[in-house]
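Everything on this sheet refers to the single structure shown next.
Chain lettering (A, B, C and D) follows the sequence in which the chains are written, and residue indices restart at 1 in each chain.
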Amino acid sequence: MNEHEARAAVYAATSQVAPDVETQGLDDRSRLRQDLELDSLDFLALVEHLARHAGVDVPEGDYGRVGTVASLIAYVAEHA
Amino acid sequence: MTHRTPPTGSPAVPEAAGHLLRQMLRVRRLEEQCVELYSAARIRGFLHVYIGEEAVAAGVMSALGPEDAVVATYREHGHALLRGVSAGVILAEMYGHVQGCCRGRGGSMHLFDAATHFYGGNAIVAGGLPLAVGMALADRMAGRARVTACFFGEGAAAEGEFHESLNLAALWRLPVLFCCENNLYAMGTALARSQSQTDLALKAAAYELPAWSVDGMDVLAVEESARRAVDAVRAGGGPHFLELRTYRFRAHSMFDPERYRDKAEVARWTERDPILSLRRSLEATGRFSEDDWNALDREVAAEMEAAVRFAEAGAPEPLDDLQRFVYSER
Amino acid sequence: METTYREAMRTAIREALLQDDRVFLMGEDVGAYGGCFAVSLGLFEEFGPERVRDTPLSESAFVGAGIGAALNGMRPIVEIMTVNFSLLALDQIVNNAATLLHMSGGQFNVPLVIRMTTGAGRQLGAQHSHSLEGWFAHVPGLRILTPATVEDARGMLWTALEDPDPVLIFEHGSLYNLSGELAEDAGPVDIHAAAVRREGGDVSLITYGGTLPLTLEAADRLAAEGIEAEVLDLRTLRPLDDAAILATVVKTHRAVVVDEGWRSGSLSAEISARITESAFYELDAPVARVCSAEVPIPYARDLELAALPSAERVVAAAREAVGGGG
Amino acid sequence: MERGKLVEWLVTPGDYVRRGDVMATVDTEKTVMEVESFEDGVIAELLAAPGETLAVGAPMARITPTPATVTATPVTAPAGIPVAQAEVEAEREHTTPSPGAGTPSATPPVRRLARGLGLDLTRITGTGRGGHVTRADVERAAARQRHDAGSVRPVRISPRARRLAGELGIDATTVAGTGPRGAVTGEDVLRAAREKEPADVDDRPGAPRGPGPVTAPAPAPPDTGQRATALRRRIGTLMSRSKKTIPHYYLGTTIDLQAAVAWMHAVNAQRSVSARLVPAALLLKACALAARQVPEVNGFYTEARFRPSQAVHLGVAVALREGGLVAPAIHDADTLTVDQLMERLRDVVTRARTGHLRRAEIADPTLTVTALGELGVDTVYGVIYPPQVALVGFGRVRERPWAQDGMLAVRQSVTATLSADHRVSDGLRGGCFLDLVDEMLQRPEDL
């Protein structure tokens, strides 16, 4: 998956989990927990959405690697 | 001024008679179709059919010119059809479809058509008379040689608007042809049970206007008297009044159990069916055969089948348009 | 130029007759007599019996004839002597004028103007004094005007004649002698917007027609007490200018509706309901109403006055609304 | 919650309903809740229309028992503490015992009269046959109440004043009214607000500075904003009451989560994403089990006494994205497996955020747990939700230096706090509770 597709997948998942977050113009440096205020359940839903729709499984051990929008996009691009 | 009998005219010209026969049959078949569609719940609301009275509309309409105006009642399917509104458009209106002459806003009782100067479709008894007087007033003031034909039942003669309108039209000598369709019953109330003076021509004549009683089951007599009256009105002779004695074969509306009249009475009148009568007299001349009749009947049936198809294919106006036509769209 | 409401109305009719051949005036005693309230005085002589047309006493027929003539290309002005008599023509107004456009699916509009006198205050008793314009304002398809100033008496008629649909103009009998300053070049005015006749921030007095003068008087008295009332003249009762009503209520947070009609099922009820529907959370006091007593208007002077809205009653209602009442 | 707005009826008269069927939705400022039937029977009458605002406990519908059932009971508006209100069909009054032993019999019109006068039927002595409360009884009670109330006057507040007071956080009942018959007007509220916080309130240009014309307030905020404002107001009221009436004490302890987190990782590694656990599920389960053993933290304090709860319904504090929070219940949390609890947690959080909670979920929590720490803080000092008597807070689960057996290690840990009601328990019992939570989290496989 290229970066563009990965971004689209992450944005779609984010909109699903946090409809109030405007993905347009979203700062890549935003941290999922602190800036977007996703709690653990939200985060789980986000990961679940990515698994279902983008086919990317983020194992729990990798949660630490996907703390920001940018890192999540990169992760998805790499693993899809 | 009052002629107690219809003026006798020249013998019927077969071509003209053939036309009248055809027109009456079209009305008959249209309304038979309406009754059937009503029973099938394709048409709702009130439905008043004219079956038995066709000679009146056919005779008067053929005496009018294309620029003349017509104001009718709620029993007006035939009038609209013979004025030139197509059967399909009439049925579509009864279906409540936007393809109807009033986009489904009027229904059976309120057919209107600007192109043929057909001003309804008025369901308040006698409510159309003042309108017709005003139409004629405008024509008079504008110098147009137009006649406004106003149809109403004998029940209207008990209403104040009947008297006010005859008075005003006669006073101002306006070009109105008042056509009283006397079918003897105002809904279920017989004329004699509701009006002290049952001679309607006499009643009208009190307003100093020519008033004739005509056999409304004889289309040739209706046509002849209407033609004379229309010519006189157009020539500036002021309003004329025709009492057209006729009979409604069917119930007042689809809700009418007909408790108020004998079956025998209905049967007596049915023998004088205007369509059957004219057909017989035409056949007697030897210039109209059973084959001719069958061909005519098939042709009219085909017209009505096409009309039903047209109505069926239509659709109601979008609900978003509900509020349209309350005020003019500018 | 100083003029009266009656003269302004006459000028308007005369101008319409001069400007448009399709216009004619029709009604009981509008011609040779000069009009029951002398509005059309002199027009019969100037325009002749065809265009200033005396009718028999048959309201239904001549109102209906007005509708028919309007359908057929004319621009009739039909005068009904008083609103009480208009009931004899109610069939034509409600069943025909208001419905034809809709029933015909947009084919037949009725460009008719009907003028009539309304209201009490002249000891004319119960069959010449009622205020029934609220009834007519109930009916979709009609436009209802209530000129209350000389400008509106002068200017509403022409605009009404240009309207493609039926317009009813209600002239309060007590206004005919009202005099006021009118610009030399005064002409047609709009017939859709309400007008603020006096600005104020403490309470809105909402009225129309014959009760405008007493409402303005009440506002003056209130000002002397330190209460600044805003006076809204509705001018058009149908369609109501909701935006103007809302705007004044949002400004003052209190409303008193003054209506010479009876309170029950009335136009004042309609206005009050609309205020609560759309401006409830702007209100600092219940909407108050000053209406006629629920009796047929009596003849005797004192009784008649007691039955009608007065400046005193408006002042009291306004005081109550702002919290200064007893 | 004191009132709610009926949003929609999901049943119509004539419908047969079973106990537990959802019959209507009600908007309670916090959330849209579903109202369930508590009876089997046929809907005889809907007593409220959509859009109507109802007091808690107000009858919403009348359910007629079918021959198979015994009593007829109204569905009442959802309540924090349900109010028993019976509106039994008149002809059944004499033959059927009233539901709830304390409710005396009375005909519906008399019940309606009592309700209209704000009287509690259970406090009226019936003089009719068999203790039946009559109209005269109610009228006498009303007269007595008026007499008792003496000169206390109901506060009249204009609609505008009520709106402004809400927006500005003013208690309109404390404002002196200058409007009609002493009603509090919008100006009065604005004046009170200026006096309270001169710098803060209504600083817009053109805002009134004294008596005189008042400008129109700013346009109403959009709907979510209004809901958030209302919710904020509601939380404010509730928390003020809590702090005013409940003598809180606070305890805290740091818990080693190494074992729990490791166990969870191991479990999650075997599972698809949708079946994974989060630490909160373990924390909740531990609290539920501990609460069973320390009943002093689990129950309600009402009418000056503590009523412990047999069941453990854990309230889960859920932050709403538009601001504010709700704490719906996970029923019988102590009896659920961790997996079941996880499933219920996801479900209730999702519905809380989409505004579809059920009445019982709002009303029932016996103990609330907040895991706000997830978003960053180490320690949470919570305020108890009245009438509950305790609140458990968890901070962030993260690696911390940990000394054990004389060695320094880095381990996953969390700080757990307990806010508890001193009228019900003291620090010793509270400490017991936290110790139990700790202990259970060391054996996650047993949870």
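By definition in this document, a contact is a pair of C-beta atoms (placed from the backbone, for glycine too) under 8 Å apart; a residue touches a chain by one contact, two chains touch by 3 or more.
If you're wondering where the values come from, they're calculated on a predicted model, not measured in any experiment.
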| item | value |
| --- | --- |
| C-D or B-C, whichever has more C-beta pairs in contact | B-C |
| Per-chain Cα centre nearest the global Cα centre, belonging to chain | C |
| Distance-maximising chain from chain A - centres being C-alpha averages | B |
| Length of the line joining the C-alpha centres of chain C and chain D, rounded to whole Å | 55 |
| Rounded Å distance, chain A centre to chain C centre (Cα mean) | 67 |
| Centre-to-centre distance between chain B and chain A (centres being mean Cα positions), rounded to whole Å | 76 |
| Centre distance in Å when chain B and chain C are each reduced to the mean of their C-alpha atoms | 41 |
| In contact (per the touch rule at the top): chain pairs | A-D, B-C, C-D |
| In the complex, chain D residues that touch chain A | 265, 268-269, 272-274, 276, 278-280, 319, 321-322, 345-346, 349, 371, 374-376 |
| Complex interface listing, chain C residues touching chain D | 201-202, 228, 250-251, 253, 280-286, 320-323, 325 |
| Of all residues in chain D, those that touch chain C in their complex | 158-163, 177-183, 185-187, 212-214, 216 |
| Of chain C, residues touching chain B in the complex | 24, 50, 55-56, 58, 60-74, 76, 91-92, 95-96, 100-109, 140-141, 143, 164-165 |
| Residue numbers on chain A that touch chain D, as the complex places them | 18-20, 33-34, 37, 39-41, 44-45, 47-48, 51-52, 57-61 |
